[in-house]
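Below, each structure is written out as structure tokens.
Consider the two complexes below, in which subunit A is the common component and subunit B and subunit C are the respective partners.
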Partner chain A sequence: MQKIIKIIILFIFLFVIGIFYISLTRDTNYNTSSLINKETPEFKIISFDDSNYFTRDDIKKNDYTLINFWASWCAPCRVEHPILMKLSQTKNLVILGINFKDKEPQAKTFLSELGNPYDLLAKDKNGKHSVKFGIYGIPESILINKELMIIQKFVGPLTVDDYNNIIKIVK
Partner chain B sequence: MKLNLILLLFIFISKLSFASEKTVDPNLIHKNLRCLVCQGQSISDSNSDFAQTIKLVVKDLIDEGKTEDEIYEFMSDKYGDWIVFKPQFNTQNSLLWILPYIALIFGGVFIFSFLKKRQ
Partner chain C sequence: MLSNLGNILLFLNVILSLSIIYNANRNLKVSGGIEKNIFQLSLIQSTSIIICFFVLVAAFIVSDFSLITVYQNSHSLKPLFYKIAGTWGNHEGSLLLWAIILSIFSFLFLIYNKDHPKKFRLLTLIIQNILILGFLFFILFNSNPFSKISPIPSEGLGLNPILQDPALAIHPPLLYVGFVGASIYFSAAIASLITNYSEKSFSLSIKNWVLISWCFQTLGILVGSIWAYYELGWGGFWFWDPVENASLLPWFAMTALFHSLIVFEKRNLFYFWVIILCLITFILSVTGTFLVRSGILNSVHTFASDPTRGIYILIFLSLMIFGSILLLFQKYKKENYDLNRNSKETFILVNNWFMMFYLITVLLGTIYPIFTDALTDNKISVGPPFYNAIIFPVVVIFLLFMALGPKAKWIKNKFENIKIYFFILAGAIGLNLSIIFFFKSYSLLSNFIIISALFLIISSLMDIAKALKRNKLDFARIISHTSFGFLVLFIGLNDIFSLEKDYNIKLGETKKFENYSIQLQNLDLKNYKNYQAVIGKLEIKNINSNQTNILNPEIRIYNKPKTLTYEAAIKTSLIKDYYLTMSNIDRSDYYNIKFQKKPLMAWIWISVIMIVFGVSIRLFNNAKNN
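Now for the complex of A and B:
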């Protein structure tokens, strides 16, 4: 009987240590890795000039699409803009920019000052569309292939490493 | 005795029908959703941009006729289980849900056999 008690105490001890170990070593930063390899959600988003809507059909046409959520009020968006400008010159890649909770005149000024890297430009006035893509802050970018699968998700401004990574994939 | 049983059954059935008629309470959902850009706050507690957007989407989902569980499932699908304070049962967290019950059963069996032996 005493042997069983000892085994149980040892088991509980190891269990508690295990829980502590897992909790202390895991990455507590939120990441959106759960979206990778998932299909792009259904969406119907109005274009920036209100002339038409963009849907998944517009993504199907392209080999690769990079959906970029941005706003003129977002300082890190300015930081990543040169990277987007460089990416806009890449073949096989279409960039869909989604202007997020922004004012139209400011957004237009932003693009005229820094350049327009977007092949398609849409707007998400109240941010509802962003939830479909698991966005929780901007800038965020999502790389999607022809089969509408999410290949990569970039949280925060795109970096040179991200640029190289995207180029490697879309080549 | 029979009367008591009938009464108990009546209460149980009326509770069940009440539960099925219950409307989805957005505040309850907001309280069970984590604000991902805040420090330990729920969507209900937060006034952040993210929380405002989630509240709008929850309202839309309720208007579409989604149930509370379906809304949690939608949010977990987009942001992972982390967004829900009380995660849904799935294969990844099954051990977390089952383990207390296993511990309870084993503990009960252990105490029972221990007491029996002492007698």
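Now for the complex of A and C:
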């Protein structure tokens, strides 16, 4: 009897540790790679100046679109900003910025201080639209082609490597 | 330069730990006392890790952005106090703090337990140093606070402004002393198992350490709650956030532990149960750390996550768990509990059952979402309704036992004067009815909770009168139990009589509700060193008593990183708090204000401080008697 109890106790702990390990390695919280090679979800998101809406049709027009989720309160967004500025000079690539859960005046100050890399600018005041793109935190960016296919997803600030990568794809 | 110095000191500590283990192991095999050089090494170890920590503090003070940790968590414009607090406000720095506490406790345990067997002391030291090594390797190879960044940035990224708060500066160190302090009785428990040191005197070697870590843990949780209340602007003080739960889990185990230690010391019962509690307290502390630092839980507390960190802590945790389980299985002997139904031992065991019940409830609520996510891909979250529904009804019975337990006698199956408890119960019911009569009625469960809390308070207070007659007063127990009764009572009353109103208001406008009126009288813009603030001036008037209060909630705009925070304005008095937050509404001249009246808030904090005060009396008495 005692032996069975011991085995059960060991098994419970093994089970718990196993689950912890699975959650760690799966890491679905921060990795939405399952979205890659899938079609962009339908969306209708209001432009930053409230003048019109953006939908998938706006993406179909371009060879490649990079959707970048950012906010003025997000420190890593400042870190990646120079890379976005550089990317904005690339042909064949349209950058759609989605201002995430932000206050308008601060978002404007942010862009006037650091420059505006966005060809299109939209806002997602309460973060509801970003959920469709599997956004957990910001900054995150998604590269989409003309066929509305998600080619790559970047979690966290864009790095120089990411820049080179994007340039290679877009060429 | 600071980076090199820090790294050298970390390596020195690795060498010191290794040589303590080596020397202690050699000393085990020879007769005589513990060799002097082991004491010396242990002292040097504590000193050098403290110096290492101060090197990091210095890097924060001089804003040495060549260190990644400083760059990511500080800024040259930050006030000095928060530069210093920034040292432990991040993952790497806080791990260094862990290593300090591990080393200091290791040294103090060695010098303060002279009356215990040499083998037991040396083995405790060895195991504690294995833990220290584990943490040092983690720091050195995965989370090194002295890692360099190049090119050197000219400015840091700043520290999250909601973390710039005095309460939060002391919250982590307090909590770590509690969490990490538990390591010493983990080590002692393992040493006791290996050396078969299971006499009553074993309890003397650890009981003060349990009390010390318990006091710090409780104060740490308290300060965290106070911070959440003042800073987060929700007006609550406990949110059943997974990380809050992580701090509560070892707390339940510690509370159970120091109660069963009383039985072990008096009756030499429950040895293995005490050992199990010692082991799970620290295991739960490390589990909590794993959950917070690995990023598998989402919470306000989650540090920037890095899966390799999680793997390291998980390996460390697995080794601890399986090592201690296997040892325990090997040494476990069935204990015979021949207890009388109404003896003190039984009641303390009942306390332990309750603690285990709370522990399992909170543990399940915390890790269940992880399980469903891993096994079924379902993301769920377990929130306050779950905990409130399971924990609060049980509190009623717990309080009744808590009142009766201390009156029971050791060994004997005898209860004195049972009738008096019916009178106390009648008194508690009467008081509860008068609260309902004078104020307002509330739910059935609240009635039960308030009656049981009053029952505990009255019966504990009556103990004072009785004990004074016999001149045998157990102040420590009476103060902490009575204060616990008050804590539950105040939380209950606070919950029942809180008032909350939400308005959009313009400058000069007045809103009326119940017997209050609120007027937004003025708005002021001020510039501070690292932020700008819009300060509102609102007048709260109690129409019945004509009493007015001015509250000044703020909207702060921090420069680095650019962040908006809402500072609640709180007017605290002994009877009630007024709690007011203000936020701006885009493209309008309206402000949204949230007003809350929260009765007896101050008394909730005071009750917790009194519980800790009671326990520290026990600690001082123990120290005096030894």
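Simple rule for what comes next: the second predicted complex is superposed on the first by the 141 of 171 C-alpha atoms of A that agree within 3 Å, B and C clash if a C-alpha of one lies under 4 Å from a C-alpha of the other, contacts with A are read in each partner's own complex, and residues count from 1 in each chain.
Basically, a contact is a pair of C-beta atoms (placed from the backbone, for glycine too) under 8 Å apart; a residue touches a chain by one contact, two chains touch by 3 or more.
All of these numbers come straight from a predicted model, not from anything done at the bench.
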item	value
Partner chain(s) touched by A:Lys101 [first = subunit B, second = subunit C, both, neither]	first
Partner chain in contact with A:Arg56 - subunit B first, subunit C second, else both or neither	neither
Partner chain(s) touched by A:Met1 [first = subunit B, second = subunit C, both, neither]	first
Which superposed partner A:Ser23 touches (first subunit B, second subunit C, both, neither)	second
First, second, both or neither for A:Lys86, with subunit B first and subunit C second	neither
Which superposed partner A:Lys132 touches (first subunit B, second subunit C, both, neither)	first
If touched residues of subunit A are counted for subunit B and for subunit C, the larger one	C
Contacts of A:Phe13 with subunit B and subunit C, given as first, second, both or neither	second
On subunit A, the residue positions that both subunit B and subunit C contact, one per complex	30
Contacting residues of subunit A [partner subunit C, same complex]	2, 6, 9-10, 13, 16-17, 19-30, 72-75, 78-79, 103-104, 106, 109-110
Subunit B residues touching subunit A - in the complex, by the definition given at the top	36-37, 49-50, 52-54, 56-57, 60, 77-80, 82, 110, 114, 117
List of subunit A residues in touch with subunit B within their complex	1, 4, 8, 30-35, 101, 126-128, 130-134, 136-137
Sites on subunit C touched by subunit A in the complex	157-158, 290, 294-296, 298, 305, 307, 310-311, 314, 317-318, 321-322, 325, 329, 334, 367, 370-371, 373-375, 377, 557, 561-564, 586-587
